[in-house]
């Protein structure tokens, strides 16, 4: 997953991009980058790591101009290379171009093959590079025409920011898979994956960029277009509400914190538990646990403490300490759980290994019963629209029943939110829930092997 | 403030010390160190920064032996120098000695002056170095006799760990200002400022080290002594319960999480508010806010989001963004607070500047009324026993009434917990509350100027 | 300027590339990179800085395979960005391709413009990227055919290494501007800018790659081709002999050390000086000074000491210390020069500022007379074939007579080697001496401004 | 070995100390430190590594005041710990004290034992810490009286700088083992191990500090004392001239460059060789080789090229490349030595392993005969006065004849300079030559084991 930010018309553009990326840091910790425009040319800096590691005052001072786009990228096990860091910036027939992408093209392999056959070269393993080639190869003349041209070739999930020396262009795919919001600070306009980036810099949130909309902002102002030929049903990602977005964000007009509380409330209705207290798995499970506690009438307790001091590389003891990794990060309040019947609320259950460790840790702390409640349905299908889910083989719910999972994770009981409850909690029926339901709004290549072979990565 | 950890009789002594220090990281982030003993000599490593920055596998491999003591040190504005990093380790007439200290000697200046007059040299600005000199200058022969000798000269707050090639010695001052607990893992014994360090490494908590007790552990086993001539009333620090200790710790037999909930409950009784929701200032205000919500019947909401990505050096925008520092760390959930009457619960109020910023931020997010409730009394007096409070001049409550403070921080109402409520919540009457009451159990030098002049620092 | 190295058929290919690049480090200190081939795909690592900073054992272990190419890049004031670091590596229609380039294409802007017009994108400001695009866009099918195709489009100076999963290709432009040598270690074949890279790894030097030759090496062996339609006169860079190559190198069959001594000998014949001792400006002026001393009968003295401890960023004193930068690097032996008439031999004189400082420093040390002798003609013209000379405006000799220069640098006398002497010393008449004579073997774009505008950089 | 620098009376004291240490960097690369005085107190910074790594502008800005002392420390395999970095700075009964030491106390163990018995603690393994304790324990009142007191207890080699808030004190032991020079810049006075530090900062060299002299400099001026009761014969270290000092230094009134040329001249007289050319082992063997060439009438050639790019940690190829380490550092000019009879001049021969590798490398390059000439006598005895020689067991000349050594290193002939020739070349007979002759001017403890046990290190 990734986060994107853009600004145009502000003397401190790259500084505000830096802050905006900081507010979006939860969307990607692997790499960060900013491309600024001084009106004549673009300036770029990208690096591996967190925003405050990649940038300092010296680096920011080399990103002059009144416009900038930025990108933070998620962390995966493999393919963590600088070449994939965004925004990309290139020089081509239309001049200078910067691009930042959140999402995943479902026709990436096909695009790449045909572009390579036509003589394009690829320096990264990201699908985003294909978009740049499409723009460069467009027969249209003006940069904006080229962008329009290229957009027609894209399939799948994409929230995009383009930067040229003259303008900032923000695009959201017709389904609106990934979020994108529009704001204002003084006379400058800003675009970001989540409005929390606006809150931090003191900008006002105007509205979301609509699915299928292209917003063009230059020094003269903003205009909106609909570059895609047909209108498609809105399918914004429901997992943003479940887990990904920050709780203080508003996504698609829905407050994430309140949506999560609703998840917990409906979960309590659907799957109550005879217990003494309700604990969240912090931090992501907190709002749902508050909702669960409210609806069930059980007391909410912050019964697991999350450590803020975990570094990237932690030395484990040579002798096996059971469930060490989880202990380092989450510690139960022993005096609280001892002898109690405990409801634990978590946002999702993917492989089951972490839940198993958490339950063991709480049981070791003396809990009498542990009832795990998950504020989303079982994750049975991989996402092809930008969320970094593991392959289907690793998704425990794709091959095990709820009872089998409960047994594996050693919970006294386990329940998931229903798909109906999920949609009811979030509101509307315009969300993509493919990871839970298998209903994929956009088809994707059959062979996962191809995808692995080319090592294309989502953004 | 600082945290200390000791272990003896374990093949992975320094590795476990490293993990134990990690669990105590909240007690000090400025420097970290470990001194190990291989039975013949000591090995040391100290550095500035967090535990996982100071140590890596190579460094730990150079700390052999089955015993180790460790130390984490708090971060202050000035005097952040490596020379003050602990544990100290020296060679002297009695052989090798390591020492780790949590607390503050009230007679440090006097000890230092007399030691310097007698020919001792000081390489740090820490009061701990004086203890080493007292041991080195003792006329007693055996190391343990020298330690006993030196202890009689110490006044104030001290939880101490000594390491010699043969043994580990743990001492707690007669008042028991600073916590110290004893545990076991396999055949090894462990000592730590808080039992959370035992939880992490899978050790069992045995008991606390008593005020005035000296525990001597060698390869033969453990024996307990009372080296101080007179028994003094227990005065364990009440601020550990209010703020300092981790909520999953048990200090002096009292669970910190439950104690904090009690603070909130009694605060709600003493100073209710006519409001819609209760928000904590995360993370430290959470348990008290839960208690406040429970007792007041108002809903608890996690209405401020704390960022986990704050680095040490953050670049602020050149143009003034109001209350930027707080925004970076704490973001209100706007959709939640908009139009609401909000109770905000924080653990303490020291200078008032942060509270003022928090209230402003919540007000900007649209709250209708903001009622700040502090789960401790006004902090009117500096601590001379190890907590790093600012000078009295900077404590807003030392010179302002509650009404004046409320006005300064722009709260619609402000209330503190009463001192009686504080003691009732924590239980017993054996706590030092000098920072709230001015009742100092041990006298200290009149002139704060002297203290500043010599730049002696607490541990 | 840059250095390149290639190897194929050796189990430790990337390790030996690392060492080979180390031996070529004098040819470029800004960035370093290696692309290895495991027979199926390429692996790459590039970074800013010296070879031993960019690579460590972990990084090298991620560059598997029995073939590798490497590149070191020179340091310039601006445009020092990672995007320009080589070798480039891409995926394109023909599969994987790596490329390392030493030289400068004189038709780079033209190539780039036409490629951009045809839809290619450029991520660097290096002219080398154009070569990759030409290969990717070739209508030929097999990689080798595509390379042949692309070579026909190149003008100017280029020694090139290409890596595909199957083979290593080494090419030298028809004039042979930049050196390239071929060697063998065991059954593996190696290619390098200078044979000093072979000496370090224990490889045997076989021969140079001929101007206009393409050497194709795969697991089956080596074959040589002449891909260019017409034969052009050899014009190997004479400045390699004057300054750039390492003195222990053999370039174009000529030993560099001996060539430099010859420069000094002929200089002594052409422009003797009535003096007491001969000093080199170390290290580059040493062989010429030895030759000058030998021919003039004056004693050679190592009268200036060069410091080996200069870091990149050195803090200068706030108050002006005269000629501080030079002092830090070069210190005269005061006892030696005091009262003496001194001949100082340097390899070239570009801006005059350094010479001025050196002379001042020697004069301050007490020298009576200082006669500067330069072992090359006045540098009057910029190089467009790969040497990083400043613009013509900055070349003092392009606008000042020798007498004027002597006055500016405060030398008692100044003399340059004649162009005839230069060629006589190096041997043969097949060298490019454009920087001295202005006789450019290959034309280049009129407007230097264009070049600056696109910020294309030589390799 | 170490280098020391002091300055008093200059507004940029710590900046100039930084530069002075840079000029003395050849005397120690392990650690560097500066202690400055602002008239009221001392400020210190020490770190591991080179001067330009340890200090930057921020660090230097925290070292205010018009006086400073600095220290660079040599690099050894073991015991490379920050605790040993100098200058030491302490607070004691006489106030603040800083100390920088070049040399080695022969009674260090005895001093340490008696100080520890009296109650002193030691935080380092350096003998210098004992000096501070002696001062702190002196019954004299004023700092200067205490220093005088302590000096009477010291035996062995010591050039010392003391800093108090009021004054700078420079002392040289009665034999004058280690050099120390006095200079002036404007109204400020400077002291340094070698006058090259004065040259760099533009200071004028006044004279050396005499053996047995104590120079006291305060804001009022300079006065000289003779604090030691008896005058002892000058025994300044002859190895400074052979190898250690920079060639542009003047030590004890003798120019080092000229002394080294004399060593070569006399060596040529004593042990001529029937050969074609003379090569130095760069950089230290250069002046002696020039002298050898001059006297023998053979041509001097810079026939080995030294690389300037060797980093601390260099990755060797897994497969054995013969004599790899030396190759990395020194490369013969093959075209020059091929078929020649070569005289190689080096400054000293300690273990023989490096010479063996150098000869092999030159022989591999095609030399017909190799005659090694060493411009000092065989190193048969360890130094106890500050030079970091290996133990006697490792000195090849302590157990092998010259013929045996020649055979081991595979030289066609080998000759050392005679001890008489050594003294004649350097001038005077007032030098310590214990490492060559075994004539130790000051006795030292019998048991080297004791020394190792306590791990005391020379400075």
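For this structure, a couple of remarks:
A, B, C and D are the chain letters, set down in written order, and residue numbers restart from 1 in every chain.
In this text, a residue touches a chain if its C-beta (ideal position, glycine included) is under 8 Å from a C-beta of that chain, and two chains touch if they have at least 3 such contacts.
Small disclaimer: the values here were computed from a predicted structure and weren't measured.
Among the remaining chains, not one touches subunit A and also subunit C.
Comparing mean CA positions across the assembly, the chain most remote from subunit B is C.
Here the spacing of subunit A and subunit D, counted between their Cα centres, is 60 Å. Look at where the CA atoms of subunit B average out and do the same for subunit D: the two points lie 47 Å apart. Chain centres here are Cα means. That of subunit A falls 37 Å from that of subunit B. The touch graph of the protein chains shown is a ring with every node of degree two.
Those residues of subunit B whose C-beta lies close enough to touch subunit A in the complex are 12, 15-16, 18-19, 22-23, 25-26, 29, 50-53, 55-57, 60, 196, 199-202, 246-248, 250, 255, 257-258, 283, 286-287, 290, 294, 299-303, 305, 307-311, 313-315, 317-319, 321-322, 327-328, 331-336. By the touch criterion stated above, subunit D contacts subunit B in their complex at residues 44, 82, 88-93, 97, 116-123, 132-133, 136-138.
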